[in-house]
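Think of it as A, B, C, D, E and F in the order they're written, each chain with its own count starting at 1.
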Amino acid sequence: MSEVAGKIATQAGAFMLEKPLGGRGVLLGGVPGVAAANVMVIGGGVVGFNAASIAIGMEADVFVFDRDIDRLRELDVAFAGRASTVYSSVLAVEEMLPRVDLVIGAVLVHGARAPYVIRREQLALMKENAVLVDVSIDQGGCFETSRPTTHSDPTYEVDGITHYCVANMPGAVPITSTYALTNATLPYVLALADLGLEAAVQRHPGLLGGVNVAGGHVTHAAVAEATGAALVPLAEALASGARPPVPSPRP
Amino acid sequence: MSEVAGKIATQAGAFMLEKPLGGRGVLLGGVPGVAAANVMVIGGGVVGFNAASIAIGMEADVFVFDRDIDRLRELDVAFAGRASTVYSSVLAVEEMLPRVDLVIGAVLVHGARAPYVIRREQLALMKENAVLVDVSIDQGGCFETSRPTTHSDPTYEVDGITHYCVANMPGAVPITSTYALTNATLPYVLALADLGLEAAVQRHPGLLGGVNVAGGHVTHAAVAEATGAALVPLAEALASGARPPVPSPRP
Amino acid sequence: MSEVAGKIATQAGAFMLEKPLGGRGVLLGGVPGVAAANVMVIGGGVVGFNAASIAIGMEADVFVFDRDIDRLRELDVAFAGRASTVYSSVLAVEEMLPRVDLVIGAVLVHGARAPYVIRREQLALMKENAVLVDVSIDQGGCFETSRPTTHSDPTYEVDGITHYCVANMPGAVPITSTYALTNATLPYVLALADLGLEAAVQRHPGLLGGVNVAGGHVTHAAVAEATGAALVPLAEALASGARPPVPSPRP
Amino acid sequence: MSEVAGKIATQAGAFMLEKPLGGRGVLLGGVPGVAAANVMVIGGGVVGFNAASIAIGMEADVFVFDRDIDRLRELDVAFAGRASTVYSSVLAVEEMLPRVDLVIGAVLVHGARAPYVIRREQLALMKENAVLVDVSIDQGGCFETSRPTTHSDPTYEVDGITHYCVANMPGAVPITSTYALTNATLPYVLALADLGLEAAVQRHPGLLGGVNVAGGHVTHAAVAEATGAALVPLAEALASGARPPVPSPRP
Amino acid sequence: MSEVAGKIATQAGAFMLEKPLGGRGVLLGGVPGVAAANVMVIGGGVVGFNAASIAIGMEADVFVFDRDIDRLRELDVAFAGRASTVYSSVLAVEEMLPRVDLVIGAVLVHGARAPYVIRREQLALMKENAVLVDVSIDQGGCFETSRPTTHSDPTYEVDGITHYCVANMPGAVPITSTYALTNATLPYVLALADLGLEAAVQRHPGLLGGVNVAGGHVTHAAVAEATGAALVPLAEALASGARPPVPSPRP
Amino acid sequence: MSEVAGKIATQAGAFMLEKPLGGRGVLLGGVPGVAAANVMVIGGGVVGFNAASIAIGMEADVFVFDRDIDRLRELDVAFAGRASTVYSSVLAVEEMLPRVDLVIGAVLVHGARAPYVIRREQLALMKENAVLVDVSIDQGGCFETSRPTTHSDPTYEVDGITHYCVANMPGAVPITSTYALTNATLPYVLALADLGLEAAVQRHPGLLGGVNVAGGHVTHAAVAEATGAALVPLAEALASGARPPVPSPRP
């Protein structure tokens, strides 16, 4: 879903830059005689790459910030001069903020809260009514001033800066997202249906972490802890053969 | 302003395709494993070219319809295979409608009402919740079912099709539009300020049609008719030398 | 040789689409006012990528089908919006077939027969005289109706669909293919010539699977089985030092 | 139809370069480790531009020759460094011939025989089994050794060089060509049907040269001469009002 | 020669930005993690377009300034989002100067001195050791502080800004320039050689302004004035038939 | 720093091709009517890729030579037909040399002297005043005739060929290079400052090879050998706890 999130973030940001939506009233790509807007993408992973690609396609001037120099090298080859890559530091961010019209926060840390890449006091460096789009909002947000919003009321303003922090952005394009999700999960579903749990887990070890209950035993640590049930290793649970009697309801 | 209108039409259309906004819920550029959306741009002038360019940049599949074969040739060179050009006919339009997700109407006829390129009964050919964006709305609209809307309530639905018909779309990006407009008009303003009316009109004959009053005489036919004043040709009015006494207020 | 096969498949397909060759009589890239043809590439490996690249270069509308979502992501980055990637399923294939002019089958499974991606009854979904090019023909073909043909009689027709299934397509461009093959094999040849068999095999373990006979012993299982000779492990054969006497002819 | 002719010329040339078809056996785009083939397009008009564009898309090294320096400038902008433009002279042609794999002759002179751009003795400068494609063949051919061929027997060899000189190349893609032709002629047909001859000719002066008979009078000089009828200027013929009696058969 | 001048200006500017040559010590295209340099091209004619194209190719961020809004529209189409176009005004120039690393002055006014687009006091707005390249130097220069230099001593410094103002830049690539010049002039030379003066002038009216002497008469006003000879209109001189006696040397 | 070296090599080469600098006097990109120059890049690593990218951007015809077929495949995808890749052999190099205007040597072997890819006698195959740029000069040079030069006297001539062999080319753009270097080293510096040596080495094992002295013991073999001190393994040195007394100066 990262591709969906990245692409949709830029199109939302472009739209929010329109004056009636609360933005500065500038067009990403500029027009003949009027320079393009500056777009800053913080985070060069899949989300950031897709956000930047759409921004390039909309003819903006694009700057991608990241701290992984190897990833920046990959991006540099992929962009072929159509975007600049910048090693992210407080100094580099603060030098860029006064010039940008749109910032897309795409800082995702696996299994952890996103770090803040823009603090509240740094908003004062930005142009009035510049737009922040926080794709990391599902992980807590990567701007200090981010808080989740909804499609029916997508933006709010802090210190003159428009924030677009809709949670679950890919949900806005359910046809695209459903196909994308199905494509990614179908092989596992088919394996489970065709092979049964045991063989499917062997073929796709990635399934292991998703088995909560097997052979009547709880096999997932978090579930065991939450329900007070005994935790049984998956192999043992699968080997236990006969399914246990349906448990009586807990009092 | 045509460049502004064309670029903004595509970004509005992309956004309106989001489900919460009333659209089909598809992403223009698709994602890996999910094909791109189909965008149909009717009218290959400056507006249509810019709308198509942004749609290409957003990675959609783009089809530009026009009836001017010479213009289609120019577009074909400019797009270099990134968009198809199609000779517009009722048949061609009706073959395309079932496949499109977004239609941008950019049919502008100088000084005349835009013709209808999609009639109400043809909406039935389209996918549910496909989106129409009518850039021709300021000239009456090029879809039969178009009627002007505003940024605060930009869309409405007819027969399951979302219509986005905001009048004066460039007004949404006033910074970009004001610079663009100033750039286009500044040479005339400077000529008037530096040279005076007579010399400015000689250097820029295009100014001629804009002179309403000169040397105290009404020099524009429509103004003369509307006010009941005598119409004096511009050359004569300018030659009349002395300014007439300030007219007394009309009763 | 996969690059050769992929590129040559598209140029053959484009040519076979000409009417006198049995095709529909359409031009891949279209012309101003006439939309481009649709090209479907099934299989997104090196063959499919190269076939798609040339089809894009010939200005067709290109759709690449594969079931490896990670590979589709790589292709999506490489194509940068110039082709759509589609997760391959029976449904997706059948939705596409009525629209395509040219299908390139590039489904290669290492060491196995290619699976059928289009069955005979699905041909009925296609436009009359659409063209199928089967690059997998050397592995049995990926269309149910494929059978090997030759350059002197390259196509045949089944149910109104033109089939181009020339075996060993790269053989048609021997200058290019010979250089490509030499480039790929020269390092091994040089290693064998410079180092002798034992050291060469150590430096390039990939050579191991190609040694049939060493030190007078048969070292390859299939050869041993086919000739009735005893199978000797390569290390042992090499260590055996003295070459055995030239064997007397088998009776 | 020039776009059709140019694009089809390159795809035919690419195919004819295959060894079994009589060509050198090289692939236009090369492969990793093997450089691309060199394609020389003589004539930078619409035919040549389209031929070159497809050759670029097929990843060849492309050189476009013309003598119109203003046209070369336009091409240089359009190709943006993807092809070289060369001022055509005997010297420049002879320097290029030893390096080229495919030559596309696209020299069209309105209403005149195409001049020879490669003479028979210059064939000796070329690589063995290089391919010549003569798009000018309908105007007599632009290579001295060209003579018209057909799709059923498209090539012949002179001095070791393969010649592809199929007359009416666009006829090979009748679907594309018919649409293209219809698009170009439909406005005239509609004008004639809607307005009648007199008004249609006034709106589209280009129709003038195509009127053979009007108001019962022969209005075209060549027809008058061929039939022995009196030539009546079109205006007079249209003004003559009443249709003359049906003429008696000529003896 | 404008294409030569434009392309060579950027490559000289890139080189002069190296520290040992007196520049800031930045690389036009940046590297992964370090943003590209900013290049400002003043003047969007053929020189400016070519200078900008090479700067884009070297992966810089490019801004082209001009006052001709129609030309900016053409450039915008040609650059397709890879460079911004800016309407040139004192304000716009002064806003850009603090950010640029390289300025290329390409302001050419036919038959007139180039106007100053950067005045001495504006140099203070620029970064230390930024580089100015003045392609207009052959027409007097478009920076107030420009003065002609030579290839052996190409730069000098004013107020901390490096100036590269080599006169006749195309002279540095004589092979390219000589071919370019020959290509442009050869048609005229051939016409003179094949047709004689009178017919050549009729076919190429552009030759008219270059005829100084004909039929023994001075036909060019400036030459007549400079030599004191009588001025005879070209037609009359050519018609005078017999060549006059060789004039005796002037005392 | 390889990206810096590659990009700067091409811009230096382009400049050195100017006649007053000792080059042939050709422009990399050619102009309308004059074909582009041929650039040969030997070595397809990061340096070579960047050198080639800039040469493509300057509109040259580019050929990249390497012996790693897998790398050539990657480059082929990245260049997308804008450069040819060639498997490097003595034969292939000698076939190319007569045609090239600029050769960039980018052959880097980790921790070893660069091999010679062009020998002195092969210079005779080249055009007079062609230019060699040796990026491998810091490793001994990859042309037999290379010897290190400086920015103040960057080139010399051998057998009519201009050599540009400035050592430490990235030093010419210190702003870009310093940022690039800081970006690459900052994570290590921060880890050392934040965590202390022991923990930093655990987090970044790459630091291991750079520790010369720890806990008062010499931990680097080369340093131990050069100073005569005892070599102590890093783990042991770190574990030794108390810092030893400051050693008395060696006699």
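In this section, a contact is a pair of C-beta atoms (placed from the backbone, for glycine too) under 8 Å apart; a residue touches a chain by one contact, two chains touch by 3 or more.
Predicted model only: the values in this text are computed from it and were never measured.
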| item | value |
| --- | --- |
| Chains touching both subunit C and subunit F | A, D |
| Chain whose Cα centroid lies at the greatest distance from that of subunit C | E |
| Homomeric contact subunit B-subunit D: same or different residue positions, threshold half | different |
| Size of the rotation, in steps of 5 degrees, that lays the CA trace of subunit D over subunit E | 120 |
| Mean-CA-position distance for subunit F and subunit B (Å) | 53 |
| Between subunit B and subunit A, distance of the C-alpha-averaged centres to the nearest whole Å | 36 |
| For subunit D, residues that touch 2 or more chains besides their own | 3, 29-34, 53, 56-59, 69, 73, 76, 80-81, 87, 179, 183-184 |
| Chain contact graph, described as a line, ring, star, complete graph or other shape | other |
| Which pairs of chains touch, using the document's own definition | A-B, A-C, A-E, A-F, B-C, B-D, B-E, C-D, C-F, D-E, D-F, E-F |
| In the complex with subunit B, residue positions of subunit A that touch it | 3-4, 7-8, 11-12, 14-15, 17-21, 24-34, 53-54, 56-59, 151-152, 171-176, 179-180, 183-184 |
| Complex interface listing, subunit D residues touching subunit E | 67, 69, 73, 76-77, 80-81, 87, 89 |
| Of subunit A, residues touching subunit E in the complex | 29-36, 56-59, 61, 63, 69, 72-73, 75-76, 80-82, 84-87 |
| Subunit E residues within the subunit D interface of the complex | 3, 46, 49, 53, 57, 78, 179, 182-184, 186-187 |
